[in-house]
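Both complexes below contain chain A, partnered by chain B and then by chain C.
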Partner chain A sequence: MSRYFLYFVTLSILINAILFVPRILIDERYDGAISSMLFGVIIGGALMYLFTSSMFKFRGQGLPEIMRQALPKSIVVPFLLLMGSVSFISGALVLINYAFIVSRYLIPNTPIYVVLILFVLVASFGAMQSSQTVLYSTEMILVLCLPFLLFSIFKAYTNQNMNYDEIRAMIDYSNILPSWKSLSVSTYAVTGYISLSIFNRVFADIPKLKHRWAVPCIGFSILFTAFFVPIGILGTDGVNEFIFTWVSTADAIRMKYAFIERVVYIFLLVYLGISYLFAMTTWHVGSEFIRGCFSHYQPNTSSINSVLPNAISCIVFGIGTVIVGNWLGEDDLFSVSSYWMMIRSPLDICVVFSVYILSRWRQAL
Partner chain B sequence: MQEFNLDAHLHGLAQSGDLVTRKLNFNAEAAQLVYLSSMCDNSTIHSTIVKPFLESQHLSEFEAMLQAMPGYEQMKDRQQLADKLIQGYALLFLPRETCAINTKKPPPFQPQKATIEYILQGPQYAFSEDIETNIHIIRTRYPLQDLHVEYMKVGSVSQTPLAIVYDHSKVNHDVLLCLKNKLQQVDAEVVQASNQLQMLITKRFNLLPTAIVSERPDRSVLNLSKGKVILILHGTPFAIIVPSVFFDFLASMDDLYDVPWFTRPLMALRYIGAFITTSLPALYVATVSHNPEIFRAQLAIEMAGSRAAVPYPSFYEVFFMLFLIEALTEASIRLPKYIGSMATTVGGLILGQAAQTAGLVSSIMIIVASMVAISNFVIPINTMNLALRVIKFPLVVLAIFFGLTGVLTGLFCFLVYTTSLRSFGQPYLKLFIGEAKKSR
Partner chain C sequence: MKHVWMWLAVLFLFTGCGFKDIDKRYLVMAVGVDKSELKDKPYRVSLKLAIPTAQIRPGQSNTFHLISDDAPTITEAVRHLKSKVDKDLDFSQTKILVFGTKLAEERLDKTTIDWFLRKPEIQGIAFMALGSPTAEQVLGVRPKSERMPADSLMLSFDQEGTESSFIVTAFLFDFHRRLSEKGLDPYMPVIRPLKDTYLIDQVAVFDKEKIKAVLSPEETRIFNELSKKISNFDIETRTEQARFALNVTSFRYSYEFDERNEAEPKLKMNVHIRGLSEESNQSFYNSNWDRYKAEAEKEAAKRYAHVLRKLQSLKVDPIGFGLRYRATHYQRDQDWEKWLSIYPRLDWNIKVNIDLLGSGGIK
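Showing the complex of A and B:
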């Protein structure tokens, strides 16, 4: 079972590393982005160890149940609402971002709100399933998508236009200390472990999580690729010209003998699946948090339980996503996502430490 | 001695055309033999009743001989007389008692050759339509004392006999309990087919079947050894296997009987076939109408060139050809065998060719349609076959509005939906199940 933990952490590393993180890191590339990747992954890994071991003291319980046992309702309900909205917003940002990409590259004639409505419907449909279903689908779709993604990354590294001199030039800037912005952004990339606060419910039957060491390794290698490949292909300075850095990078890669000549289409379709998956998991986690505010609803772990609170929260946030996405422009989106990541990292640290304190407290009892 | 009044004993059946009555006279007394000629075996009646009658001098001697016969039952309850008669017993009304003797015809059902899940080298016979024969087949192939057989009846009117067969040492008791609950809740009047029962015990509006209906005894026995439960319904040569997961539907029994070097590529072929039959029409619409730029230039121009004569958007031709293919498939099932092959020739070859020259559909669409039809039939289990035939239509609709994005969205939703299904509490689609390898 512990492989499922790796799946949703990998998923969130993948989605952040391609959609938001490299753009901001590349902005900061002369101001300590490289060292921030290393520090960010180390900090994220340490938080992950702390969070998972504290969560595993509560066998088979999600964060809503844990908090409701230990704290008064007046603290728990706002906290859960906040956690739920945070989770919903991070999924919604991915959806809005990808809707922009899709309407630019794949269906330019369709208005963006139509695309967003489709995305929101799919994400809500996924989020209303039980936790097991979400995990099984994550595994299924990652296993289907990853070979294509690895192939396109392989094509990127072996591409003729990949200029390793640009990367070497970049390494000169690696001894600069990271700025707060770049550090929080790279920490955000490995933040997927927070989903364990809901999925801990289905990890009841395993003694401990295995292969946790893989998370920082995966995180670092993906961040490294996501940062250096665009620089190698688009140039140290030229990389600044692109908004969707990775899509433009993939567009620079060509497969000479394949049916589909341009790698960007494989990349876009694979990332469509991964974005759906990410939105589905985060919205599931978010709706479970909000469901946790109402104590008479049991956790949604089997198909018998009612999905009414999940459906309502998905509808509310879905409508919000469509409205906000329709209203934002591309440059707004970029600044909104970078501010979001700077807020999000301290929040995650708070959550991790509060769960740690709760677990110590429980041991003392 | 009073005259024997048949109507008093067997109220409803006295007028029945196949009811035979014989008076067996002894010196002073008489016995009355009654049976239904359609249900009873003449030679059995001769050897168990007529022969003792001819050989015996007195009624008491005759009675003693009857009591020694196999299948002798003394009837106490008058209400049961008609039931016994219908079940194929011969009734003997003796002056002091009434008895029933089993003279049932041996069932006319022989195991048929497997026709639906045909495999080349392996067991060739399928189940028969008789429940006892089928259980006999299973017991012969699975000679363990842990094999439990429980009988029950389904259908409030048809009272169809149903056998629940499982290996007691291996079966998952939660599944068994869940199955029995579902069977108790079946409230159909007439249950006559395994597919129908499968639908009744699973959710009715499930798009995908969550229980296999198979005609192969070897498949059933293999699944028994894996701890699954087999349901055998009287009157159909099909067994229902529960619980079943998605991968079971794409597995053929051949996969176990040959070297992995042959079978693994064939399995891969089936999965590719399943993908093609669901999504190729949608991919055609998406790439022709929305995203021709994803292909390399030569291919895109080639496709556009083949569509040059077609006067309407691509989804018209897709629906036109899919309708034709589905109609052909349906017609070739309904038609008698010999006319069926003619219909496919006329439909497939001549109509397709003519539609293309008339400029109604492009030549690539003909290839797409035939690929869809052919790859549909590599799926071994018929119910899954039907389910996948249905799924391509929503995908085409999504492709019309959203192009490749829509196709991928549809496939994503389909995968999530499939994963969300549970077959009697077991996850339906889950990777790395960790199945025991002993059966290979």
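Showing the complex of A and C:
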């Protein structure tokens, strides 16, 4: 079972590292972005350890139940609503971002709301399923997607046009202290463990999470790749001129003898799967949080009645996503995403510490 | 019934797609940009449009339609060109971008290639080249062996068909990176149209703005060795004692900066070549191989030094010594300023090490 934990954490690292992080870290590449990756992963890893071990003290319980037991309802409900919306928004931002990429590169003639409606339908359908189903589909889609992704990353590293001198020239800038922005962005990349606050219900039958040490390792290697490969291929200064840095990077890689020459199409398809998966897990977590406000916990058995609260929240946020995605311009989207990441990290830290305090209380009782 | 309604609802979503059938599209295989004669319309854009054929036959199925137009910007030109054809222009197969020499002599920088980078349909791995005398003439050639329009150019640059050491390859993304990278300057191969084919044996080196010089074929070959580390070339040695040619099977080089003497910075380059003799005016056996080797090493070192000095005197650095200097020194921007002062007076110390593997089929 432990491996499912790694799946959703890896998922969020992959999404953040490739969709958002390069844009902000590469903007600040001369001002401490490199050290921020190191510190961010260390901080994120420490928080992950704290959070998972506190959550595991509440065997088989999700955060809504835990809070209900310990705190008055007037605190719990707004908190759960906030957590739910935060989770929904982070999924929605990924969907909107990816819809922009798809409508730019794959189907330029289709209006963006059509793409978004299709995305939202699929993501909501996935999010309404039970937690087990969501985790199983995480495994399936990752097993299908990761080999292609690893292969294209391997091609990127071994590419003849990958210039390692550019990467070495960037190392000069690694001893600058990171800014708050870049640090919070790197910390945000490894923030997928928060989903455990819902998925903990499914982890009832295992005594201990194994392989937790893998999270910082995966986080660091993916962040490192997401930051340095574009620089090695698009140039230390040239890299700043691209909007979707990784799509342009994949566009610069070619496979001469493969069945498809342009790596960018493999990459876009793989990321289609991964962003859908990310939206599905975050929306599932969000809808479960919001469900936790209304009634006492009933297990989600995928039957109509038990799914209804999830369905309603997914529909509300889905419609919101389509409207906002249609209304946002490209420049707005970037500023919104970077502000989002700056707010998100402190919020996660609050959640982690409150869960930690709750677990200490429980021990004291 | 419920399902039927649901699928109908989904179907309605697709009515918004502006999808065009493949037979209503014109595939643009190559784009050429020249400087036009008109003052207010500086760009002359030519498009090589593929005319589809039912059967692929070399020399016959490469029918194309070449259209050109003058305009103040590339966008404007393409927009106007659309009124010359009956189908929608599709740039997703465009692999060759040719620029006229006149344009490049005046200015070829970010603003010129901006349109190509901004258009998501155009691939980052498109090949760039310089057309001499004009891009339009290059696009107009119809080689006899081609299976598809512009196919022969793609094969040449791919190094998939022919593997010539004279053909230099430049990608769009690579050119863009070199336009802004400190210590790495852009270059482009030069295509000269012949009657039914092309001659691609020169390279044009650029500073960040325009063309600086076109290297001769012999220099181009050495340039290609140094910049791409290709290993399918040959070395000719022609001295009084010996005349022979070596076919190189493996080639690598490494270099380091020697700044112990501040006043005379040196670049120490070690070249390792392994090769077979291909042609010789005397027998190799029963004679001293070392002597031949020494001759060939001296000759090769001279060739490398010649090209490197030429690039140095042109004040361009397409091989990336400046970038390597920045990579191996840790003073951030000061490295770059220091390199700018070092490069003009850099002394080249080239040592070639040839491994003569054999003399071929005969003694």
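Convention: the second predicted complex is superposed on the first by the 357 of 365 C-alpha atoms of A that agree within 3 Å, B and C clash if a C-alpha of one lies under 4 Å from a C-alpha of the other, contacts with A are read in each partner's own complex, and residues count from 1 in each chain.
Quick note on the criterion: contacts are C-beta pairs under 8 Å (C-beta built on N, C-alpha and C of every residue); 3 or more make two chains touch, one makes a residue touch a chain.
The structure presented is a predicted model; accordingly, all values stated were derived computationally and were not measured.
Once chain A is used to superpose the two complexes, chain B occupies space next to chain C without a clash.
When both complexes are overlaid on chain A, the residue A:161 reaches chain C alone and has no touch with chain B.
By the touch criterion stated above, A:110 is placed in contact with chain B and with chain C alike. Of the two partner chains placed around the shared chain by superposition, chain C is the only one that A:172 touches, whereas chain B remains out of contact.
For the superposed model, the angle subtended at the Cα centre of chain A by chain B and chain C works out to 100 degrees in steps of 10. Residue contacts after overlaying the shared chain place A:265 against chain B, while chain C stays out of touching range. By the touch criterion stated above, A:238 is placed in contact with chain C alone, chain B being left untouched. When the two structures are aligned on the shared chain, A:126 is found in touch with chain B, with no touch to chain C. Between chain B and chain C the least C-alpha distance in the superposed model amounts to 5 Å.
Across the superposed pair, chain B and chain C both touch chain A at residues 107, 110, 118, 261-262.
Chain A contributes residues 104-105, 107-111, 114, 117-118, 160-161, 163-169, 171-173, 233-238, 241, 248, 251-254, 256, 261-262, 264 to its touches with chain C in the complex. Interface residues of chain B, counted against chain A in their complex, comprise 290-291, 294-297, 299, 401-406, 408-409, 412-413, 415-416, 419-420, 422, 427, 429-432. Chain C meets chain A in the complex at residues 13-14, 16-20, 117, 120-121, 123-125, 158, 160, 171, 173-174, 176-182, 184, 228, 320, 323-324, 326-332, 335. If you check the complex, the residues on chain A that touch chain B are 102, 106-107, 110, 115, 118, 122, 125-126, 129-130, 132-133, 136-137, 139-141, 143, 258-262, 265, 269, 272-273, 276-277, 280, 303.
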